[in-house]
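Everything below concerns the one structure shown next.
Chains here go by letter, A, B and C, matching the order in which they are written, and residues are numbered from 1 within each.
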Amino acid sequence: MNTSDVIVVGGGLVGSSVAYGLARAGARVQVLDEGDDAFRASRGNFGLVWVQGKGYKFAPYARWTRQSASLWPTLAAELLDETGVDVHLQQPGGYAFFFSEKEIEERRARLQQIQDDLNGDYPFEMLDNAQIRERLPEIGPAVVGASYTPMDGHTNPLKVFRALHAACNKRGVAFRTRQTVASIKHANGVFRVQGNGTTFEAPRLVLAAGLGNRMLADMVGLHAPVQPNRGQVLVSERIRPFLNGPTMHVRQTDEGTIQIGDSLEDVGYNDGTTTDVLSNIAARAVKTFPMLGQLNLVRAWAALRVMSPDGFPIYQESPTRPGAFVVTCHSGVTLAANHVLRVAPWLAGGDKPQGIEEFAGDRFLNPDRVIQHAH
Amino acid sequence: MAHENVDVVVIGAGPSGMAAASTAARHGLSVVLLDEQPAVGGQIYRSITRTTPRRLEILGPDYAAGKELAERFAASGATHVSGASVWQVTREREVNYLHEGGSKTLHAKRIILCTGAMERPFPIPGWTLPGVLTAGAAQILLKSGDVAPAEPVVLAGCGPLLYLLGWQYVRAGVPIKAIVDTTDFSDYRRALKHLGGALAGWRYLQKGLMLMRTLKKSGVPFYKSATQLAVEGKDAATALSFEAGGQRHRIDSKLILLHQGVVPNTQFTWALRAKHVWDDAQLCWAPEVDEWGELNIHGIHVAGDGRGIGGAVAAALQGELAGLAVAFGERRIAAEERDRLAAPARAALRDNLNIRPFLDALYRPKLENRVPADDVIVCRCEEVTAGAVREYVGLGCVGPNQTKSFGRCGMGPCQGRMCGLTVTEVIAEARQVSREEVGYYRIRPPIKPITLAELAGD
Amino acid sequence: MLTNQLFRPLTSAEGGTVTVEFNGEPLQVPAGRTVAAALLGAGVSRFRSTPVSGAPRAPYCMMGVCFECLVEIDGVPNRQSCLVEVKEGMKLRTQEGAREWNTEELEARHGA
């Protein structure tokens, strides 16, 4: 019988993070996942474990992100221990580059605001071109300045995904692939999830289906108005070690390839790449580090972020169907540590993480709330 | 980036490309033919415009037939851009290509993709070692510069190209150490069912039999029904070992030429997200096209081996049909004239494809040479083994895009050309489902490398 | 380093030879051919080592599909040598592992 303690709908980065966390907490878990060509935001991860700039005018998110970044070494060590997969987490600090005084000032003001909201517990530096050059001699002359924080880092997102799957496997999480969800019913404390002619039952249900959460949330009295937001990324051929830390749009992976992003496009459910955007992304990268112009582009891809109206995550337990939760965000890598170590125990019946009510999906139903997109 | 408008862009200067471009130009359309090589001919007629009488003699009459096609193309009025590396074709018929250090863009009313075929991968132990090449590679060396094996060479696998190469080597006086043929009795039995078609294509059959007779007479050691092929060596190939006649054999050689047929080069059609079907007779993916070669994408046609393996003559005929179709599409000829002109090409095409089912059945590559053991590398670029792919299936991956994200297979410079078919089949066998269901890699631009500076438009 | 004479020109002196530099040493190769064909014809059988494991590789398909024939040509790394015609004075280097920066190009740009 397809019963377990928890059903997780969605086997992407978020779904497998919570599934692993649940299994760690001792729950028996089933994960329902779609097929090979599903949209899969997980495929589109840049790999940043990024703190700076997030949570502007919404301190809970700044704190949530910072906490996850600080828990990441724990997650990485655990995954290595459990699966032998090294996810190559590095947290040397990160840079964001800007090409005009206006942009620099906007950035400084933004980071200052977040620092104030966090009572000073938010280290950052603003650097001019000469100062950047001392640390990154390859920086281009067009870069007017940068913001740097020691809190930022990066990892190999595909290895993270693989490690999570392997860890889930090890702990007996059952993955049901090519499984869609047609209906969710709730009776006598049990959720019955049906799709493709199969039924799954469990007293707890976690919706981690990315863009699919929009529709699924309605079935259990939750509100998750997520929309697709496209990001395009370029990947170059491998080169000898060149950049030993992440920057917001350019990073060197542990394999040696240079990964360059990105865009924020409102184009519906279209995950195709477009020449003009790719060209702009390449141009910005070459402006930042002129040497990159030499490198061959080997791959370009696009993925759809799971974007809420204000850009912040949605975490909520259904008020009408207790035991059903929605977990969705567009920073599945950065927040993976929190998802495994803090959200999952809550999903399993443990204590709510502090401040998580701030992320309830109901916030979008509040007519008095001003929704500003975080980007 | 320079932008230009043109009626028709043809990509690839092999037989189908030359025929398509010539036909379209003949009907008054502006045509640009983009090709990677310095001269026309594609692979099958490689270097046909620069060949010597001696080389024509060695290579045989089928190769020489390309000369006329090349001459017709040169006189057609179509513009030939050589050394052009096409890195993107969009559904809106924008063609981006690299030429002389810069990226250029063509906006076409119609596109005819003529990118032909490539060798089917041959993933056996040791196939990545220096000294292992494809029979096609060896033919290219012969065609483009009389370069031939320096020592007695081993040819292994199956299919007409393998035997043709052997025959060409015999005529050139190149010693062959052995031909190791994987064709066995079950293949003959399977092929017999299609004998009718073979007999209808009897001229082709006759050529083939003559070729084999010459080979056998030359005294080259011939091993039949060979299985368990493996290339030995540490840093380079030193020998080919295999089983035949109930015995294990080991033939010393530093040069081993492998071949088990060719498959359509589908990078552009997959990148366009055109519909493909798994052709189980040819064991490959083929784009779905109508009788004129048009994809399920308006205005984009495929002609030649790129839409299914049919050989050079069939490719040229399909090129002609596509050329007629675009001439009609652009209102240069009426439907009746188009159909009238197409009729002889269609009849000839039917004749030429008669032999196909027989050949596909007879030279069907063995499963063990398509779906290898765990320790054999399937993705050459990223050095991922078949066993690793099976492991990812065990972790829940249902298709090649998931295995790609788990293990990088398909992420290297060749963009899945060398491993795509193998990975699809490994997953299908592991999951015990059809190839159709497993699907193929998501292919994205750039189809050929372009530097960031070129892309940025510096 | 000439490792193994796998291929040789059948006919000599047609189009003559050109002299190139291969890993710093002068090498005479058949003219009018692709770099890959020229190198193979001159006795080179190892073109590169892979960035993943350092395994030795050499041309496989000769038609631009396999990306095994990658060498450095005149300072530009990772070039498909089967698609480039050999020219007198070309500087060729085996591609060892992941590429390096093309220092000539960097200098040229800085100088400009």
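In the analysis below, a contact is a pair of C-beta atoms (placed from the backbone, for glycine too) under 8 Å apart; a residue touches a chain by one contact, two chains touch by 3 or more.
Quantities reported herein were computed from a predicted structural model and do not represent experimental measurements.
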| item | value |
| --- | --- |
| Nearest-to-centre chain - CA centroid comparison | B |
| B-C or A-C - the one linked by more C-beta pairs in contact | B-C |
| Between chain B and chain A, distance of the C-alpha-averaged centres to the nearest whole Å | 41 |
| Distance between the centres, which are taken as Cα means, of chain C and chain A, whole angstrom | 43 |
| Interchain centroid distance [CA atoms averaged], chain B/chain C, Å | 24 |
| Residues of chain A engaged with two or more neighbouring chains | 237, 255, 294, 296 |
| Chain C: positions in contact with at least two other chains | 78 |
| Contacts with 2+ other chains: residues of chain B | 412-413, 449 |
| Chain A partner contacts - residues on chain B that touch it in the complex | 1, 88, 90, 94, 96, 273, 392, 394-402, 405-408, 411-413, 415, 438-439, 442, 444-446, 449-453, 455-458 |
| Contacting residues of chain C [partner chain B, same complex] | 3-11, 14, 30, 32-34, 37, 40-41, 45-47, 50, 52-53, 55-68, 70, 78, 82-83, 85 |
| Touching residues on chain B, where the partner in the complex is chain C | 36-38, 43, 50, 52, 54, 85, 118-119, 128-134, 136-138, 140-142, 144-151, 172, 174, 235-236, 254-255, 265, 380-383, 412-414, 417-418, 448-449 |
| In the complex, chain A residues that touch chain C | 237-240, 242, 255-256, 290-291, 294, 296 |
| Complex contact set, residues of chain A against chain B | 11, 33, 35-37, 42-43, 158, 161-162, 165-166, 169, 175, 177-178, 234-237, 255, 260, 272-273, 275, 278-279, 282-283, 285-286, 292-301 |
